[in-house]
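In the two complexes that follow, chain A is the common piece, with chain B as its partner first and chain C second.
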Partner chain A sequence: MSENTVTIYIDNVPYQVSSEDNLLAGVLSKKLNLPYFCWHPSMGSVGACRQCAVMQFQDEEDTRGRMVMACTTPVTDGMRISIKHADASEFREQVIAAMMTNHPHDCPVCAEGGECHLQDMTVMTGHSVREYQGTKRTFTNQYLGELVGHEMNRCITCYRCTRFYNDYAGGKDFGVYGSKNQVYFGRQSDGALESEFSGNLVEVCPTGVFTNKVFSTHYTRKWDLQSAPSVCSHCSVGCNLSIGERYGSVRRVMNRYNADINGYFLCDRGRFGIGFVNGEQRIRKTHGISQQSPVSLTKLDVAKAFSHFRKKTFIGIGSARASLEANFYLKNMVGAEHFSPGYNDDEMKVAGQHAQLLSANNPLSLTEIENSDCIFIIAEDISQTAPRMALSVRQALRNAAKAKAAKIGIPSWQDSAVRTIGGNLLSPLFLLQSTSSKLDDVAEQTLLLPPEQISACLVALKALLELVEVKNNHNVEQALADIAEQMSLDSKERQFVCSLYKALHQAKKPLIISGTDHVSADTLQDINNLMQALKSKSDIKEPALIVVPPSCNSVGLLSLLDEKSLSIEQVLAELAQQEVNYQGVILLEQELGKLSDNQIKQLRSSCQTLIVLDHSQHRLTSIADIVLPVAAVSEGDGHYVNYQGQAQQFFQVHAPVLPIQESWRWLDNMAEIIGVSAAELNAGANANAKKSACDSLRQLHQYFTDSLTQWPTLLAAKQAGTQQAATARMPHRASGRTAQMANISVHEAKTTQKIDDSLTFSMEGQSAGQTSDMPFAWAPGWNSNQSISQFQTQINGQLIKQKAAIFIPVANLLLNNPRWELAKQSNKVSKVNAIDHLTLKPLHYVQQANIYFDEWQAAHTAEFKMLQPSNLMSISASTAEQFGIKKGQWCKIVFSATNDKMQLVSQSVISQITINKQLPETLAFGNFSLSELLSQPLDMGISLACDQEVTDYLSHYNDSLITAKLNKDAVLERLKVNDQTIPIRLVSGGLDDA
Partner chain B sequence: MISQLRTMWLVLKHTFTKADTVQYPEQKPYLAPRYRGRIVLTRDPDGEERCVACNLCAVACPVDCIALQQVVDDDGRKRAEFFRINFSRCILCGFCEEACPTYAIQLTPDIELAEYDRQNLVYEKQHLLINGPGKYHDYSFYQQSGIAIKSKGKGEAEQERPPIDIKVLMP
Partner chain C sequence: MNKQETVMQTIDTLTIDYQHYLTTAEITAIEHEASIMETREAAGIEALKVVQDHRGWVSDESLFAISDLLGVPTAQLEGVATFYNLIYRQPVGQYVIHLCDSIACHLTGLDGVLSAIKQHLNIEYGQTTKDGKFTLLSNACLGSCDKAPAMMIGREHYQHLTPESAVEILQQLAAHGEADE
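Up next is the complex of A and B:
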């Protein structure tokens, strides 16, 4: 910032502002109040609303001045402006007055009220009396799905919604209709918004046209929400959230600004997926522990229930959705050699490769992604598995247009000018994957291939890199032709590899993105080889690499794995062999979704005691001996580690009803009894010291640091942090304190206390902006989330109080175990296989990733279940021709394969068919899952489904939608009842804390 | 000396004046219709609840003695699922009446808020609702607001034009 700052005079006071941004951004970065609507910090200026008018003066003598729009005026050295000038103020007030002529009298019933940018700006301009006596224009609303509500009357035509939805997020099903003062923002016809970023319309819209529909059905004002800084638990990006609670139930999720990660936007899974916390499937009581007192479960009850497990050996299965603390605690409780991450053999190999890639490459943050100029995505549909990252990728592709604009002197914040100049110019994006994705429309080239062929392409590219010592393109094609001969690549693949090579060659900041969800370890190894080849090339800039794991704490779990860690197959084998006398298995927030029903039966029958810690019901909770209810992300404290290895703390939003408590508290309750105690494991000086209970996260960290050697490397830096004054979880206007529980007792309960907490469960404490982890954003005069500009060092910059990010080292210990190493020859072998299969023309079926259903927790949200699409499968044109199928027909598809025991397994599915011309014959993808028993590749037969079959399927499908609707209503009914009986917690600790 | 005489004169004079003591509760003092006493929730001219559960009274309340929860009913109206006032905390300041955008909350001249058991001073919605519009006979919020309810569609409120057909080509 320093070299680009200039001095400007605002109302004769000198200020230092950045000359790279516009005047409005400069004024706001100095924490001055200037109203605006159409400008958005990350979407730039278009000058549509005429709200940010200021007077600009030529020099000191100039008293007349001229009116300019601050958002479209560049900052120049020594410029003199006036915000307070009477003409400018009056102009701004008149603009609001004009908008208000049509704005309905809706504030009391509008979900935006109390955090409405339009309300704030109206107050800011001083417009207080409506003089217009005429009639107002009205619109009819549209149904936009279960997530976003529409109330078009309130629109002030700032165009922010379409600029976000269409221009920024690449949506296709939204637009502007009509003319003059009849402009309408919506879809062509009613229907759910298709973009996975539709929820951001709620925050982008300055007023209440787009509202959070889920929040509106069980509504409360922003000023009444008790919020805490949290981290999204639905994917590995680790977006920062502010989760709001009222009367004991979680109400909504809002974006929490983090300059390096999510910025101003979230995906819909993050925003609406919190529904699982209130879901019907939550576990709220313990099972298998007898309770002495009728009032509550005590620690003594737990100790008694576990007493006969004293010094017995357990196998602990951790999970990638449990906090870092809980996984670490479990691993040390049961011992490293009895710890499993719940991965199967293949996933362990993937984890090994992932750890290797992570330790060798520093993944970029989302903000850094936006600076890349060439992106290559391999076998991961990030638009569904890490949607926020896909949004950043979209922005990165605009760099070509920005560079073009910069050449003719147009700054990047001049949004519409840059878009006009850029036209369709995009930085290159290459997609090499098995399913089509939402990024296809902005990709320079997309190649759809079965998983094995993807590896072949990577190997070819690597071979090309090693061969070519060239400057001119002719040689590249020559060299590639030879390689293609060996690898039997077809012309499409050859062309793809060739243009990818050229793009990488030209790129200044190339980036490669892959994932671990649908990728085999072999492919990851190929990527590793490719990275090494790229690094050794002097004429190609070393690309950055991002590997996207599936879950919020995948990398945290990865950092805990070592050569002793067990795969789930090993766990089953160990239990069956009984070499070690295992007492049982502890499952930590692990649903073991990939296990077949048979394996689950095997697990149950071979282990004596099955202890499940989880927040929601699944197959294992119904067959477990002991079930312990665990806090969901909003109900507890802990850390998640995102795809970069950045550890971020999520804070408790509200105290749950006991016996729900964080899994590390449960583990702490049993730690003294079960298995190898941590102190003994270290056999250090503390061996005889009796462990005292850990009542807070800080005490737990202290205990880890003192007694366990591995911990200090993980979060040591965190310990050094000095304690600050506590911050309030509620805004200072929070209401109803003396009445909300008065129906239970008129004597008000004390506010909930918490040991070592940096946040209070009340409105007492320092204001939200005084800390790096802001529970919510609010500044005087700025009630909406736009108030964030008051807390940034400069617009789009870091927060003023931002603390340094903590990165966790991921050591590559997993590969020390030869079991997880890949056979060196595996590449060649698989290639030969692939070629063999090609001649036989069998088929690979790949399930498309889905933003709503891929993540186990979010999939419990009733509103998501209502969005379940009916079966749809894409096949290649030649397959369609072979079976005589046309687009859109309902078909019966029979998949069959021979398994290891040489038995024929088959499965039939009723699905609608679409034809994708890009698909090779050997690949098909769809949105339904196939049984695990079917091993790829498969044989497929397609025939037209008879009417009866289609009717049966559709009625079944409709039933599932109706069930979801009923489920949603049931949740709402229960929440309404719960509102009347707010749980009183005096201390938010574990059991015994009332 | 003079002051003593004056005192005696005043005592003598008061012996013949009318006593100020009122025989409450047999004899009630006059309270103006707009006196700020106990709160009621009124209904609009259609007989429906006026309260839209907007939370403005709760946030205006200096002693935080109002708590409520909004629900959207099937007819599109927003109502309070529960509306609770803790009168043992209420200071009868009238801020809630002032904040109420729908004239739902109105203060009445009833000031007799005394109970042996403090719990009985917690009033729920059914205790607060009255059957009439109170001081404002004609006001109906939904006739002013732009949102649609069952009995009133888009563009049918006061001072509204009919909804715009966005597919029409005329400018």
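Up next is the complex of A and C:
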């Protein structure tokens, strides 16, 4: 609780509440029931719905009182209010009655029914009789894309959707239309919602106007869902999710509150990307293992298949999307000198720099980002690669307006007042990048540069910082002019660096964000140097630094890398040399997406045995000798480590159909035969004395702690505190539990026996709120996710039962290997000089990041494939003029380059063109990928496409959309058939358990 | 599936060019309004009025062109256009009759006036006469409760209406045009 607490009297009972928030927040923080609609803990108050009316009294003598809206009333010391007062109570009931005149009461067919805030509030006010007899206004619903459904008739006009979509998340394609009793919330015309955060409308909307379309098509009530706490597997932010399943298939993802990370909101990749779990591309059978029994695969079968690999040497390739446990186990099985993260040489260098930056700078949590007052983002489109972080950046930019409002006494929770006083005032955001991004509209300055030139600006800024103290603005410009001369910066770049310098100078909490996916190791090193320079400046506050890696467990994998770790090039070379007698390669959830087809062929031909553990098909699963189907995130237990180094556990939502099991279980089965590399074992533990199989994650951790040297520094601390009574995965109201398998047998089936210690597959156990890992949010009277206020210490505070976060140490051991060191910085400036972009005019094409398709797992989701946009490329105004192209025209673009064998490679693309005035003429970006054979920079020719070419392209494009649609339908049909023969397992362990 | 057509026909702010849709006079007038406002988006309502003055109504194309010119999202412009009842998002006749249907007008004989107008023009609320002269709309309140029933056509208010006077006004307009235009 914050230090500023005061005493208020609610119905004559004294309570201690925070004086910094409004009265409604104070009331809710005391777990009292007061209905509300328009107020949202993260979006503040606007006083639109008039639902939270309470009576306020002057003093103890005052019996008359006056009605106030709790959400717009500040808390003052000694204030006296009444919630129970008859006038206020009746007023609240009448507000609901008025809203209900237009509400269709279609709860039985509404996806929100059973977890509807409007239902909860209606019950809370006691409005139980429908009196209105007139007609209701009706609307035509819109098609809002494949993710969010629309049913406008249910709307109660609380304005939460537009406040979230437009004001909070910066959406542009959503609005409010009409007036009076005819107010419509939606798009200007039918079409997919463009915001990366559209799925939050489902949770923000207090009733069923916006619903989860994917969930609705294969629906079950919240009370029938079996849920487990999970962690998003689609980017490195590590948002907390609650995944719900029924009858063995995953139905939906809801936000799981975490005060430090995602708060109340998720991005659409996190919410809908779970579709891959049910996808057609899943591997469900083993390949390359002969099975004795026709019924099931046994451990004995696996042992036989692996028997001739006893004590053989393998190369293990881990991955950033596999759990920490699986990667750790694999590394210890094959030995550190035979372990590879699946990165190529360039990526290894980037990893080395990343580790160095991570060990020297503590990355901020998302909540801490929201306190920053100056943000500089370098070469990473976080709005697509880590969207939830971009949402936090957006909130941080409002700090200038909040500060301005605070000066005249407006508290930050007064949302509309702060927005009015703030106008367009934003804290500074600087974007230095190669493509435009969704944050451009709130950036103070955006500089678009080809990737190679981005470093030059960083070097210039560092040089400027290292100069003697520059006090006034004139000096800064003078000093910069000299540097710019040396480094041949143009006026735009100069101006950018200059403004950035000044903004950093004024900032109290500056923040720098970059990434690892599109950034070279050299740029990361430049960022490191820049950080050093900033740290040594006494007149500039040291900025925080965040580096965003691409995958959910990138940092977990990074923590396992050391000087012996191999790159893919090294793996291929090792295999080719045959100095060590390798039995083969074990690929752990690794699709090796960046390898060319030739390299894949080379890998295949040079290794005797290729063992692939994965959940989905890819190039390698079709050529592997042994394929083992592994659990996706919802089917197993494990830990992911987010960009900060925070390790978070995801829990099994349902037991997968065997032989699918977690990677670490497969590795455990294999380790019994192949053995664990002796070098990694604890002193005292005997390499040959094989332990018994690990049945649960807890046993696995115990084995790691007892036997292996590295593990205790990673997660051992967590072990001690986890003993507690198990929590129920199902709510108390789960219906039909005893009848759900009646079409198979009328005997009541046993519930699945828990293997994990802290959650049960049943409605019996501790209620959800008794643990920090809440399977779902529910409290008496609060069936929707809004119930979370019942579990917080105070509004927007930590959960009452929150456990301390565990951070994994990352050491920069990689840089101990000279192979991953970078060339010294000294020749840098001359290198920049060497590029004479005045005469050469090389063109760089950069593919824009995309929220749906950039992450390999989520990209398998059929709904995402249906949202694939048609080709669009942005070119500079001068390029457009050169080729005589106008905005919006369909063009044929021919890219060509000379490869290292001096052959001309070319590729032509049909695309619509748009003109970006900020683009330099050496840069173009678009939403399509170019062949890897084209090396940058390249030549580009643009001409108008003829009608036939456009028609051909569009029909091809259409076909891909139709294929995706058919794919979606096929998945749905299969899932519905599955529901009839529920594949429920009685034990949630591994092979031989069922 | 005729998706192909829709792709070709979709108007899109990314690809629309306002210069193709708006006339020089319209662009000049809108730019003038934008120049005297604090932000460009504040000129949205004036821009809609400019286009309506030139074209009689605001089409989807016009809306997208204004959006492109001012850099305001179409959703926001549409919100403005649909909030104000004097911005027409569908084609209207030369004269738009805004017949007041507030309580005062109802008490003083709106029903008779309304049926007289409907009968005279042979249209219902929301319709336009075949000759394109008149469109009939209801209006929440014209603020002439002391002079009810009332209607507004163009910028002119007509008060103390009777079925006869209303029809007479329409006949005059049809014959001679509005006095102040």
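Just so we're on the same page, the second predicted complex is superposed on the first by the 964 of 994 C-alpha atoms of A that agree within 3 Å, B and C clash if a C-alpha of one lies under 4 Å from a C-alpha of the other, contacts with A are read in each partner's own complex, and residues count from 1 in each chain.
Following the convention adopted for this analysis, a residue touches a chain if its C-beta (ideal position, glycine included) is under 8 Å from a C-beta of that chain, and two chains touch if they have at least 3 such contacts.
Computed from a predicted structure; not experimentally measured.
Trainee: So in the superposed three-chain picture, is A:Ala970 touching just chain B, just chain C, both, or none of them (first/second/both/neither)?
Mentor: So A:Ala970 meets neither chain B nor chain C here.
Trainee: For A:Ala481, decide between first (touching chain B), second (touching chain C), both and neither.
Mentor: Once the two structures are laid over each other on A, A:Ala481 reaches no partner at all.
Trainee: Between chain C and chain B, which one touches more residues of chain A when both complexes sit on the common chain A?
Mentor: If we count touched residues of chain A for both partners, the winner is B.
Trainee: Answer with first, second, both or neither: which of chain B and chain C does A:Arg187 touch in the superposed model?
Mentor: The answer is second: A:Arg187 touches chain C but not chain B.
Trainee: Is A:Ser179 contacted by the first partner chain B, the second partner chain C, both or neither?
Mentor: Both partners.
Trainee: Can you list the residues of chain A that meet both chain B and chain C?
Mentor: In the superposed arrangement, which is not itself an observed complex, chain A uses residues 177-180, 184 for both chain B and chain C.
Trainee: Quick check: in the complex, which residue numbers of chain A touch chain B?
Mentor: My answer: residues 104-109, 113-114, 133-141, 151, 153-154, 177-180, 182, 184, 216-221, 223-224, 247, 733-740, 742-743, 745-747, 976, 979-980.
Trainee: Quick check on the complex: what are the chain C residues that touch chain A?
Mentor: Of all residues in chain C, those touching chain A are 1, 3-4, 7-8, 12, 14-17, 38-39, 60, 63, 73-76, 78-79, 82-83, 140.
Trainee: Which of the residues in chain A come into contact with chain C in the complex?
Mentor: 172-180, 184, 187-189, 423-424, 870, 872, 886-888, 912, 914, 951, 954-955, 957-958, 961-962
Trainee: Under the stated contact criterion, what part of chain B meets chain A in this complex?
Mentor: 52, 54-56, 58-59, 61, 63-72, 78, 81-82, 84-86, 88-89, 101-102, 118-119, 121-122, 124, 141, 144-148, 154-155, 157, 159-164, 166-167, 171
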